[in-house]
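You will see chain A twice below: alongside chain B first, and alongside chain C after that.
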Partner chain A sequence: MTKVAIRYAPIGLIVILWELSSRTGLVSQDVLPAFSDVMVRLWQLSADGEMLVHVSASLFRITCGLALGIVVGSTLGFLLAASITAQRLVQPTLTFLYPLPKSALIPVIIIWLGFGNSAQIMVIFLGSLLPIVLGAYNGAKGVENTLIWSARSLGANAIETEWHVIIRAALPDLLAGIRVALALSFVLLISSEMVGAQRGMGFLVAFLGDGGDYAGMFAGAFVISAIGFAADRAYLALYHHLLRYREA
Partner chain B sequence: MTKTKIKFENVEFTYIPPNGKPVRALERLSLDVSENEFVSIVGPSGCGKSTLLYLLGGFLPLEQGEITVDGRKVSKPGPDRGIVFQHFALFPWKTVRQNVLYGLERKTMDSAQRNELAQKYIDLVKLTGFEDAWPAQLSGGMKQRVAIARTLVTDPDVLLMDEPFGALDAQTRGILQEELLAIWGLTRKTVLFVTHDVHEAVLLSDRVIVMSARPGRIKTTVNIDLPRPRNSEVTRSQNFAGYCDEIWSLVREEALVASGVKA
Partner chain C sequence: MVAQRKIMNILMGAILPLVVIALWEFATRERLVSPFLLPPFSRVMVRLWDDIVSGELFSLAGQTFLRLAISYSIAVVIGVTLGIMMARVRFVRWLLDPVISIGLPTPKIAFLPIFILWFGVFDTPKIVMAIVACIFPLIAGTWSGTQGVDKYMVWSAQNLGATRRELLLHVVFPAALPQILTAMQVALPIAFIVVIVTEMLSGGNGLGGAMIEGARLADTARVFENLIVIGLMGFVFLRGLQIVRRRILGWHPEVLQEKN
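Take a look at the complex of A and B:
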């Protein structure tokens, strides 16, 4: 109980300081609307269904983009680890793309794919791809030979060994790659929605900010953080469940 | 006349490290192992003992020479040759029972038979009650028991053991050596056993092969003429000490060569 109190006390303190500094006029309300005003605005935007429209648009895009990234990225990563030829073909492209900030692609992709869902999904897909490819690749490359040999001498053929042993043993690295991709996906989702969408949380925050509704803008940012936090927590719970065999 | 089970003929092997000069690991090595024979291989570090085992397992590509089991050429890994590794190589995401069941998945039997057989081998290695434990929850000795059960349950013709007790503490090693003797007495598999431990080799084997420093060749073969069934009692005999001394001095000569000191 005390532990929980100590952990969350700083957050409470920040909220109180926030409220006070805004109410006392220490910081202008135009720059930092009071916490309570933000909460009121959050309630209003939620109650009239406005927020839900944008939240569901954003969740749809991030789910599609990330799912695509996971399927394509892990397949690619495992292929690269299994085949020298595949590695020679794809490695230079990956090495080139790796340091490129994926947000730089947003304007180009909007030109290609327009202002619909597909542009945001594409940006998220491209951004999540590399950490997932690398996770799968490093995981599969790092599998101990003796595990593979054990499976082979227990009668598994090469394909069974790939499924039962290599992919399974690569799971911790793959899951760590997906977690990085998840965090990156939120960044790309919001920034791509700010410039090229008529719906979504990124659009909402930018729109309210442009219109001078700072409390509303903060409410939007609050929802984005809450969703990001919840997604990461949920993912961590899944991660620990899937890797429970390590925590003995 | 006993039947030849495993035959190595003029086997050569060269390792090519990723960024280095090729290393000649084995040179013109020939060796016959009879059916039901327990043969140990000892020699200095880096003499190619494990390479020999990996070639027989089909894990490394054989470049020159020929290896046969029951007259059939070895080309890839197979369930006729079970292996136990020094660091256990258990599937960490599988429980004890699931690990033991893995080799049975491809056998034609129903799941009740599989489970019964797995249980029999889990009991044999004295892990009753740990069926649902993860490998991470087990001690080193227990992990190696699982690995032994996982390999024996598929009833391989030949059992390859790569320093199986090398990572265990002295007490656990002693206990597992005795248990292996007892299990071997029941199953009488043909065993090829690689070890650093001369004492262990003499205790377990019918024959001990001493390998030379790199490139690995067979230096000498010592027949261990000690009565069976054996247990740790045998280690107190005069003969046992004699075999250990003899083999130890042979290994020592090679270890000195390997470390660059003139014998």
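Take a look at the complex of A and C:
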């Protein structure tokens, strides 16, 4: 208990300094609303249900986009690893596209799909695709040949080998790729909602900021951070759960 | 034989982009797709050429490049310094550890409106936002790299009479370098993503600004033109970092193995 308290004491320190500097007028309230005001605003926004509307819109988009990315990306990655010809055809293009800053896709998607849900889902899907493809691909490529040969000699056909051996052995790399995609998805979600949306957390924060409700803006930014942090921790727990057989 | 194979691989790799471009051009010429949604590839190229000749492209790309270069270099210098300090100074570790563990996985872009409030709408909020977004992996990577330096190396150096400063410069830093460079390779695309987004959101031109303006004015060719330029820049920068890595780590087993 004391250990945790000592560990997280710096966070408490920051909060206290923040509260003091804005309460004493050291920093203008227009620039930095007091921490307590932010908390009050957070409570109000949550209580009247406004926060919930935006949070659920954002969560819906990121879930759809990322789920699509995982399904399509891992399928493509495994297919790619299975065929040398496909690799020679596709790999140079993937290497070229991988470093593209994915946020540059937002205007293109706005032209194609407008400002609705489908636009944000598409941005997240496209943005998360490549890290997942490469995770699945690298994982499947890195499977030890002896494992595949053993399965084959025990009578497994190509599909059985893929399912029971390759996909399982590739899991750590695939899951690591999905974690990268998860972090990227949040950035793309919030950015695309700030650029153009009628709902969502990114929209809410930008909207409150434009309207001069700075305490609300801080509250929104904290909610986004909290959700992003919780998603990452939940994913890590899932990651360790799925790979628990390796840790023994 | 090896050269032949290499040429073959390049040719194979060129098939997919060429097919996509051919289909793109064909579909748009035959009006299968509205030119508003997708202008012909040739028109995008003509547009690109025009903007190269008029110098417009260089001014936009220059703005983006400058913002990226400034924010990334500041982030690398501060991030690596803090990372090393976290590994070596207990107080700094106590202070920053919770901040890093909470800050690393959160989407920092949410704080952009706050930075716009604090620093206005010009270059400063964009640069600060990019620094904040990409500094966490730099600190964390440097910290874990410095922390993981082989104890025997440190002891040997100390035994040979190295001072704290010498130990840091000649043993700890070089030994942590591979992980520091990896962190730099992770941080660069993050900084680039954020610079583009901030240009879209708070004006000030740059390639991101040009793209969003194109989207608002239904000038689709402009959007695609800048998308291609941004893609090329991203590729060149990351490749550049890879080359630098190979140069700097010429002594490291990682590179020596590759050469053999």
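Just so it is clear, the second predicted complex is superposed on the first by the 248 of 248 C-alpha atoms of A that agree within 3 Å, B and C clash if a C-alpha of one lies under 4 Å from a C-alpha of the other, contacts with A are read in each partner's own complex, and residues count from 1 in each chain.
Quick note on the criterion: a contact is a pair of C-beta atoms (placed from the backbone, for glycine too) under 8 Å apart; a residue touches a chain by one contact, two chains touch by 3 or more.
Since this is a predicted model, take the numbers as computed values, not measurements.
Visitor: Now for A:228: first (chain B), second (chain C), both, or neither, which partner does it touch?
Guide: So A:228 only meets chain C here.
Visitor: According to the stated criteria, A:41 is in contact with first (chain B), second (chain C), both, or neither; which is it?
Guide: Neither partner.
Visitor: So, A:61: does it touch chain B (first), chain C (second), both, or neither?
Guide: A:61 sits against neither chain B nor chain C.
Visitor: A:145 in the overlay: touching chain B, chain C, both, or neither? Say first, second, both or neither.
Guide: first
Visitor: Given the touch rule stated above, what does A:102 touch, chain B (first), chain C (second), both, or neither?
Guide: A:102: touches chain C, not chain B.
Visitor: Check the residue A:199 against both partner chains and state whether it touches chain B (first), chain C (second), both, or neither.
Guide: A:199 sits against neither chain B nor chain C.
Visitor: Using the touch criterion from the header, give the chain among chain B and chain C with more contacted residues in chain A.
Guide: Between chain B and chain C, the winner on chain A residue contacts is C.
Visitor: With the two complexes superposed on chain A, say which partner A:246 touches: chain B (first), chain C (second), both, or neither.
Guide: first
Visitor: In the superposed view, which residues of chain A touch chain B and also chain C?
Guide: Chain A residues touching both partners: none found.
Visitor: In the complex, go through chain C and note every residue touching chain A.
Guide: Chain C residues touching chain A: 9-10, 12-17, 36-37, 94-99, 102, 105-107, 109-114, 116-118, 133, 189-190, 192-197, 200-201, 207-208, 211-212, 214-215, 218, 220, 223-224, 226-227, 230-231, 234-235, 237-238.
Visitor: Can you list the chain B residues touching chain A in their complex?
Guide: Residues of chain B touching chain A: 54, 57-59, 76-79, 81-83, 85, 87, 89, 91-94, 102-103, 105-107, 133-137, 150-151, 154, 156.
Visitor: Of all residues in chain A, which touch chain C in the complex?
Guide: 6-11, 14, 31, 88-93, 96-108, 110-112, 183, 186-187, 189-191, 194-195, 201-202, 205-206, 208-210, 214, 217-218, 220-221, 224-226, 228-229, 231-233
Visitor: Over in the complex, which chain A residues touch chain B? Could you list them?
Guide: Within the complex, chain A contacts chain B at residues 144-147, 149-156, 164-165, 168-169, 171, 245-248.
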